[in-house]
Amino acid sequence: MKNSAILLVQCPDRRGLDAAIANFVYQHEGNILHFEEHQVGEKGFYLARVEWDLNGFQLDINDFPRQFTPIAEEFDMQWRLALGSYRSRVAIFVSKYDHCLVDLLYRQRNGELACEIPLIISNHADAKRHADFHGIPYHIVPVTKENKPQAEQQQLELLRKNEIDLIVLARYMQVLSTDFIRHYPQQIINIHHSFLPAFVGAKPHHQAYERGVKLIGATAHYVTAVLDDGPIIEQGVARISHRDTLEDLVEKGRDMERVVLSRAVRWHIENRILLYANKTVIFE
Amino acid sequence: MKNSAILLVQCPDRRGLDAAIANFVYQHEGNILHFEEHQVGEKGFYLARVEWDLNGFQLDINDFPRQFTPIAEEFDMQWRLALGSYRSRVAIFVSKYDHCLVDLLYRQRNGELACEIPLIISNHADAKRHADFHGIPYHIVPVTKENKPQAEQQQLELLRKNEIDLIVLARYMQVLSTDFIRHYPQQIINIHHSFLPAFVGAKPHHQAYERGVKLIGATAHYVTAVLDDGPIIEQGVARISHRDTLEDLVEKGRDMERVVLSRAVRWHIENRILLYANKTVIFE
Amino acid sequence: MKNSAILLVQCPDRRGLDAAIANFVYQHEGNILHFEEHQVGEKGFYLARVEWDLNGFQLDINDFPRQFTPIAEEFDMQWRLALGSYRSRVAIFVSKYDHCLVDLLYRQRNGELACEIPLIISNHADAKRHADFHGIPYHIVPVTKENKPQAEQQQLELLRKNEIDLIVLARYMQVLSTDFIRHYPQQIINIHHSFLPAFVGAKPHHQAYERGVKLIGATAHYVTAVLDDGPIIEQGVARISHRDTLEDLVEKGRDMERVVLSRAVRWHIENRILLYANKTVIFE
Amino acid sequence: MKNSAILLVQCPDRRGLDAAIANFVYQHEGNILHFEEHQVGEKGFYLARVEWDLNGFQLDINDFPRQFTPIAEEFDMQWRLALGSYRSRVAIFVSKYDHCLVDLLYRQRNGELACEIPLIISNHADAKRHADFHGIPYHIVPVTKENKPQAEQQQLELLRKNEIDLIVLARYMQVLSTDFIRHYPQQIINIHHSFLPAFVGAKPHHQAYERGVKLIGATAHYVTAVLDDGPIIEQGVARISHRDTLEDLVEKGRDMERVVLSRAVRWHIENRILLYANKTVIFE
């Protein structure tokens, strides 16, 4: 857990932006650990992630907003400050396929994912034993066409009570309502088992098998109101051949989904993602 | 150039198929070099590629059809015989982007592609110097909305005169008419610069850039009457990031297109591809 | 679990081999599911894997050796028969790093690895809770320089009692003695966390970090008397950059090790591996 | 061709480094296009690449060294300034295998490699026709054990006369003398057709084939006095199987070598490489 501060900035590009940010940190005796910026040339847009060591930093971090606001206003910045020591509070949603869940729990346990996982929500009991193994509360919220609004209310309450920062849909097979999504803008990550935008919607492996593609994919993306259309965070592919049955596709898909989803979650909780024009900028 | 025979077979699966084929070759003292078969389990279908050494083979290969027909009929086979020593006659179609053309010519020259390239057809003069360098006739056939039928007639005549077996669309930017395609069923290979079925049609790199994907692709496929919908032969992807401009996508795409297209052409001319249910089986 | 028989054959190449095998199966009314053969051209060597459906097969499989021996002798075959329905008995050895162990247990549980895992042996207690979760006996056998011969005796006894067919060293940090290895020829698979033959021996990630490579690797191989020198079964690589610390290498390595090792184990228990000249032939 | 300035810096890490550089550029009204820095944490070392637009920059770039020196001295910087508009002068050395040469010439022609190629040097006449096609002088300098010192003198003279900045060994099969190398420190890039440090020295594909690896590699590196030991710039791998003959390895290797070498050359001429502890930092 690093005792660092992370500043995420986006604004119109202008001379002096890097200098203004670097000077601010330096004036308060912060040592910059990473300074990464990206410019969307054709649109004159500037995006940056700056991380500095808080050891020796002379400004009370609670006072940061007040002190930084004049600079932010001068440059018309949208900005956000995060602490390297803060552990995001992540809720995992799962249905019956448990490979992504098991993988995320393992990575959290071994320190790869520096977050808390205060609860798991599922519409089935199947994955409960994994939650038990890790000592994480497992809430079964059955969802049907009829009870969906109430079910989502129940879920939202659980999330609120647990002060959740990020929802991970780890092969959760229910479509969330627009209303639900609105409560967690850019805070819901889904794994879709295809190379989006190919094979949107249900049964992408079946679609891939029918079409006879030579590579199958997986895509982690933020959830928005339009199905499988949110900003893409990470993608992966695996080679298949005519020897692979539909079941082989499913198996090869699992390995990819695990890696792609866990990478997306990690970038999110480490504050490495900026959103721009329905796309993500990843400051690795 | 191998002095071998290649038998491609597809038929309903039945006991004794492998034995019947292997026996036939053995009875005439052929030594099998490769025996590869694939079964589409759920459909009860059998596909095979058998290659044997013609040195010492006691049957006049011209007499093969007559001798093999009883077996073929017994098992209801669709079959095709090819000679390893035959060099396919390939026509390359190109427009302005010449990277695939240059690559194919280089591979043909160094022996990777064991084929003849008797002519190149283009709607532009740009790539002519590469044809000249390799001493290959280059025919400029301009295509407009108005003259398209006549232009295609001219192309078909050139192809016929040169006894072409395979047409390779190496970034040829004109859509071929259904009528043209009918003359060369499963004998036209196209390279599309996306990961099909994502980004069908025009400007796939622009579409990919707008959607914010993290991998771009290339697809080699047989051309059918429906645009970008024919059986996929090979696909590849390359990783991109937010740092890549649209121009970078185009450059990264080029490397992939070269590799993917040349692999597809090679498998075709080496008689390694069988078609089944709008899919390809590749006997590598 | 398939009710099939798998015949693995290697011998000098000769006319009629495919026919002899296919005929034998056909005579007893077996339906061949997969017939794959490979010839090492320059050496005149033939290797094959033939799998056929036992439903309707008219030969008592226990009588197979007696019936097949004349053919085998005629062609000078080394051969082995396996049953698709047999579940290999696999022992996993592990030390403190548990990612490969956890992965293998998960895959066995979900059916990807069709084997039994009757026991886990470790020189540490750390991974015991995973064994307990899956209800698998976990034997702690501490190993020191002094007690090594006795420790290995104890291990061998456990293996014998459990009728183990395959030993998987899932990041087991002790070097096995030549004597131990002799008991399980071509039955011990190790995962080495480098791209062999680069970075043999201890701390390969440190070596890779020092050398400044741009890709790190993992290698699954059979264990022989010479350290990290046995026949390679599978390899994988992952891209790294200057941004990656030594710890990042370790993390990226884990994902690869899991995939590479599990693939090797799967091929072994599905009887897809033939050994030839210190190399493996994988009939995928 | 960008009208930009690129500053490359390495020095001990200290508070205020980013601010000092960004301020300097800003004071002279430069607009920073890319600011990338990397810290080697455990060693307290700082490396950076800063690129800014020269349009509107108020400092005569020839006066940059004088103005920047006080800052550089304060922070104990090693630094180098390059102009985005400068086209490096690259000499290509080649023997008989011409695939890398042909590829580099093609990429230079289409604008991917923004450099001049004033000459090609070879110990054989074979590749001359490619030089002629592109109108580039081709110097044949035969090298034998006996004449090597004189041959290298002749090469050095050609390089000097052509004011060469970078030498690319595009499958040049002669080992350069330590004396030769000393004239071009960190200015000679070689492509080795293996995944270094595996298979150092002669005939790496033969070595890979014998060892039975499942992936083959290619490595672009700076040439130093120790054979195949210089800082690695880029690496790639390709999957092979038992079906691949030695010749197939060579063919699969070619595709990789092209991509890996051209990438390394591009990063070098775009001033994206910093050297540190026999490793490269690539500011992509």
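Order of writing sets the chain letters: A, B, C and D. Residues in each chain are counted from 1.
Everything that follows uses one rule, which is that a residue touches a chain if its C-beta (ideal position, glycine included) is under 8 Å from a C-beta of that chain, and two chains touch if they have at least 3 such contacts.
Because the structure is a prediction, the values reported are computed rather than measured.
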Which chain pair is joined by more contacting C-beta pairs, C-D or B-D? C-D
Between chain A and chain B, two touching copies, which fits better, same or different residues at the interface, with half of the numbers shared as the threshold? same
So which chain is the furthest away from chain A, centre to centre on CA atoms? B
Approximately how many whole Å separate the CA-defined centres of chain B and chain D? 37
Please tell me the distance, in whole Å, between the geometric centres of chain C and chain D computed from their C-alpha atoms. 42
Multi-chain touching residues of chain D, meaning two or more other chains, are 243
Touching chain B in the complex: which residues of chain C? 13-19, 22-23, 25-26, 29-37, 39
Parts of chain D lying in touch with chain C, wherever the complex brings them together: 38, 41, 195-199, 211-215, 217, 231-237, 241-243, 245, 277-282
For the complex, give me every residue of chain C touching chain A. 99, 102, 106, 110, 112, 133, 243, 251, 255, 259, 284
